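Pasting in a structure now, in C-alpha cells, and then I'll have a few things to ask.
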C-alpha cells in the first residue's frame, strides 16, 4: 500500500476512535454522582476490619488479596517465560564497571537503599508503599550493581539459583499464609487474627506485613532475574 | 489555590501527551526511552497531585527506574547483537 | 454452599508451579514426580467434588461458593461453581491432563520452565472459570496471556518469537481493554462482583451500557480470534510446539468462549445486547469469520496453520450459534465446544507426532508421513473425519445440533455456513490425507536433515506416551460419538444456569 | 444412553414393503460377500468387518423413521462404502467421498429443515420446496440425472464385489428414501421428468460403450430412471412397481457385476468383444448373464417385466404412454441384447455345442463361492419373475394381479425382433473402445470444450487435472481473499480501533440505516 495513503488511513482511524471515545466519555457521570457502595464501606470500616492504616494495602492484601496473589503469579510467569526464552549459558564480562570513586560511593550508599526498600516493604500497612514497590527497589540495587561493578559482580555474589530460591520462597510465603488462613480461620487468605497487635505499630494488621514481605522478596528476586537474563550473552548454537 | 492546582494539572497533562507523542515519533530508541521515562515521572507527579501516594511510588520505581534500565539493556543487546 | 475444595482447584496447580523451580534446584529428576502429583491431586479433588455433589449436578441445583478471605461478595472476591462452570472445568481438566501426559513424552529442553508455565495455565484457566469477580477475571486472563505467550516462543526459533510477539500485541491490547472495561464498570456501579454488576447493569444509561459492552466485546473478540482480529491466531498455532498448540486451540479459546458466555449472559444480560441492537451484528460477524476461516484454510500450505484456520471457522460457528440465544443454540454450541476441544487438541497432538521427522510443516514435506506411522495416521484420519462431521464420531452429533439450532431460529445463512464449512473441510483435509499416503524415498542426506531439524526432541523421546495420548483423544471422540447422550444432562443443566441469571444473582448475593 | 437405545429401537417401523426391501438388501450383501471371498486378497478381515457395518447400516437406513438415525446410518453407509473402494485406488476413494459428502450435506440441511418445519418423523412430505431440496441431496448421493455424472466412472472402476454393492443396493437406498417421503397420492413431476431423461440418456450411453463394466454402470443409470419415473408418477401401482423394480434390478445388477468380475479374471479384459466363447468356458456364469440381461431388458418371464408392467400400467392410459414406454423398453432391450450378441452370437459355432462344452468343462476351474453367489442372484431374479407377490405374500396386492403375460409375450417378441434387426443391421453397434471412464476425463472434455470456443489449443494433463486445474482454481481464489484481508501488521492492528469505534458509535450507525 502506498505509504502516505497508509499514514492518512492510520491517522483518520485514530481521529475516528478519538471522537468515538470522546462521545462516550461525555456520557459517563461526574465523579460526585457515582455509586460508591463498596468504597464507602472500605473507607469507613477498613481500618477496623483489617487493622491496616494504609487502606490501599488493606484492599490489596486483605480484601482483594487473591488478586495480588494472581498479580504476583503474573510476575512469576513472566520471569519463567523470559528465562525460558532468553536463557543463555554464559554471562558476558562486558565491562569492568565504572571508576573507583563511583564504586566506593555506591558501596557506601547501597546499605541505605536496601534499608529504604526494607522500610517500604515492612511499613506497607502504615505508610505508602508495600511489598511490590519495595521489591522493585530491591531489584534496582542488583541492577545498579551490574552497572557500577560490572555485570559479573552481582552474579558472583548472588547466583541465579539463590535468586530463584528467594523468588520461590516469597511465592510460598504468600501461598502458605493463604493456606494457614484456611487452617486457622477457615478461609483462604483470611487475615490472621492472632498476629494482630495494636493498630499503628509495626507488627499489626494481622498477616499483611508478612504477605508484604513475601511479595517483596519475590518481586525483587524476580525482576533481578529478568534483568540478568536480558544482559546475558547469546550463543548462536544455543538456538 | 484551586485554580493553581487545575492549571498545574492541565500543564502536566499537556506535557504527558507531548512525551507520549515524542516517544513514538523518534526513531532513535534511546530518545524514545528517555521520553518514556519522562512520561512516567510526569505521571508520578499527576498521581501525587491526586493524592495517590502508593500508586505514585510504584510508578516512580517501576516506570522511571526499572523499565528504563531494562529497556537500556535490551537496546544494548540489539546494538551489540550482531557482533557477538 | 461454601466449599473449600473449589479454591484448591486453583491453588494446587499454583503451588505446583511455584515449587517446580525449587525442585529444579535440588534435583531435576524429581520434577516429573511433582508434576504428576500436582495433576493427580487436581483430578482427585475434582472427582471428590463430583462424587459428593453428584445429585446436585444431576438435578441442576449445583451451586458452590467460596468467599476469599471471608469477605462477603460485594466487598471481597468470591468463587462460584455452577453447572456451567463445572462442565467447563471438568472437560478442561480432562483435556489438560491429556496434554500434560503428552508433553512428558514430548518436551525435551527446558522442561522445568514448561511445566511452570503449564501449571500457571491450569491455575489461571480454573480461576477464570470459577471467579465471580470482574477484576479477578482480568487477573486470570492476564495470567493466561503471559503464560501462553511465553509458551508460544518455546521453540526459541525466529518464527516462534515473531508469533509470540504478535500474539502478545493482540492479547495485551485485549487485556488492557478488559481492564478498561472493568474500570468503567467499577466507576459507574461501584462494585466488581459479577452478580452485583448484573443486578444493577440494566439501570444504567444505555449509552454507558453500550460503552462497557463495546469494550468487553472488542476484547473478547480479539481473544477468541473472530473476524476482524483473526490475524494472530494461525501464526501462533503454527510456530508453537504441539502440546502448546493443543492448549491454545483446545483449551484457551474455549475458556474465552466460556468467559464470553459469562459476561454477556450473566453480567451484561442478553436483553441489553438485544436492546442495543448488537446481536444481529455479532451473529453476522461470527458467520463471516467462520466463512473466512474455511476459505483461508483452503489456501494453507502448512498443516498446522490449516488447522488454525479451521479453528477460526469452528469458533466463529460456535460463537454464532450461541448468539442465537435459544436453548437449541446453546445445546449445539456447548456440545461443539466439547467436541472441538477434543478433536482439535487430538489433531495437534497427532500432528506433533507425525511431523516429528519432517523438515517443516509444509505440505510438500507431509509426503509419506502416513506410511511411516500408520496407526497414528489412522487416528489422525478419524479425527479429521470427526472434524468434517462423519457419523460414529462426536463431530456429527454436534454438527447436527448446531444445524438444528440454526434452522430452528430460521437463520439459513448460518446453516449454509455450517454445510459450507464441512464441505470445504473435506477438500482441504483430503489433500493432506492423499499426500500422507504418497510413497517417498529418502536419501541419506534427507534423513540427516530431518534429524538435525528437530532440536526440540530429546534423545529420550517417549514415543509410546505420545502415541497413547493420540489414541486417547480418538477414543474420547469415538466413545462420545456413540454416547453423546451422556452429555445430555450436563448440557441441559448448564443451559439452565446460563438462562437463569436471577438464581445466580440471588445465590451469590444472598448466600 | 439407555434413552438413546430405546429411542433407537422405537424409531423402527416395520410397515408396508420396507421390511421386504431390508431383507433383499441383506441377501444382496451376503451374495456380494460370497463373491468377494475369492476376489479380495488383502486385508480380508477388514473387508468383511466393513461389509458387516455396511449391512447393519443399510437395514437401519431402510427401517428407521427417525431423521437422526437415518442420516447417521446413511453416513455410515457412505463411510463404509468409501473405505471399501480403498481396495481399488485412492483416487476413487477421494472422488466418491467428496461427492457423497456433498450429497449428505445437502440432505442433512434438508432433513433438518424438514425437522424444523414439523416433519419430526420420516414420512410423506407435502411441501414441494422441501421435496425439491431433498431430491437434490438424494440425487447427488444416488445419481439422479444431472448429478449422475460420477456414477459410471466410479461404479466401473471399483472392484467387482464393491461395484455390485454400490450399483446393486447403495444407490437404491436413495430411492427407498424417496418412497417414504414422496406422498403416494401426488408423486413428483420433477422426479418423473428426470426419470425419463435418465432412461433415455443412460440407455444411449450404454449402447455406446464397449466396456462391460462401463456399460453396466450406464445401464444402472438407465434402470434407476425407471424407478425415479415410477416414484414420480405416484399411485399405489407405481410405488409397488418401483419396489419390485428395486428388488429386480438389485438382483440382476449384483449378479451382472459379479459375473463381470469373473469374466474379467478369465479373459484379462473388460471389453465385450474379447469375451469369445464365454458360454463354453463358463456356462453357468453365462447363463446368469443371459437371465439377468433379459431381466434388465424387461422381457417376459423375468423380474424386470413384472416391474415395468406395473409401472407402465400406472401411467395415464393412452397411445402416447404406450409409444413412450415401448421406446424405453426398446432401448433397454437393445443394450441388453447387444451385449448378448457380442458375447454369445458373433463368430460362434454352435453346431457341435455339446462337444465343445464337454471339452471346456474338462479344463474347468471352479470358483465355488462366485458360482454360488451368481446362482443366488439368478434365483432372486427368477423368484421375482414368477412370484411377484414374493414368497410369503409380502406384497399382498400383487397376489391376484394380472400381469397380462400374453401381451407381454407378444411385446417381447416384437422387441426382440426389432432389436435383433437393429443390431444386425448396424453390425452390433460396434464402437471404438473408450478409455476407462474417470471424472478427470469429464473435466478435461469440459475444459477442452470451453477452450475450443475461445479457439485456443491447450492440452491438459488428465492425470493431474484435479490437482492442477481444479485445486489451483480454489487455491488461487482463496489465496486472493486471504491476501486481501492479510495486509501488513499496521493494517491488521488497525482493525481494533476501527471495530471499537464502530461499536461505540453503533447507536448512531444503526439509526442511520
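Chains here go by letter, A, B, C and D, matching the order in which they are written, and residues are numbered from 1 within each.
Here is the rule we use: contacts are C-beta pairs under 8 Å (C-beta built on N, C-alpha and C of every residue); 3 or more make two chains touch, one makes a residue touch a chain.
Note that this is a predicted model, so its numbers are computed, not measured.
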item	value
Comparison of A-D and C-D by number of C-beta pairs in contact, larger one	C-D
Core chain by centroid distance, with centroids computed from Cα atoms only	C
Rounded Å distance, subunit B centre to subunit D centre (Cα mean)	77
Averaged-CA centre spacing for the pair subunit D and subunit A, given as whole angstrom	73
Euclidean distance of C-alpha centroids - subunit C vs subunit D, Å	44
Chain centre separation (subunit B, subunit C; CA means) in Å	37
Residues of subunit A whose C-beta touches two or more other chains	24
Multi-partner residues of subunit D (each touching 2 or more other chains)	498, 500, 504
Subunit C residues counted as touching two or more neighbouring chains	207, 210-211
Residues of subunit B defined as touching subunit A within the complex	53-58, 61-62, 65-66, 69-70, 73-74, 76-77, 80-81, 84
Subunit D-facing residues of subunit C, complex	166, 169-170, 173, 177, 206-207, 210-211, 213-215, 217-218, 221-222, 228-229, 231, 276-278, 281, 292, 295-299, 385, 388, 390-392, 396, 399-400, 403-404, 407-408, 410, 415-416, 419, 422-423, 426-427, 430-431, 434, 437, 483, 485-486, 488
Residue numbers on subunit C that touch subunit A, as the complex places them	4, 7, 11, 14-15, 17-19, 21-22, 24-25, 66-71, 74-77, 110, 113-114, 116-117, 120, 123-124, 127, 135-136, 139-140, 142-143, 146-147, 149-151, 153-154, 156-157, 161, 164, 184, 187-192, 200, 205, 207-208, 210-211, 455
Subunit D contact footprint on subunit A (complex, rising order)	1, 6, 9-10, 13-14, 16-17, 19-21, 23-24
Residues of subunit D touching subunit A in the complex	487-488, 490-491, 494, 497-498, 500-501, 504-505
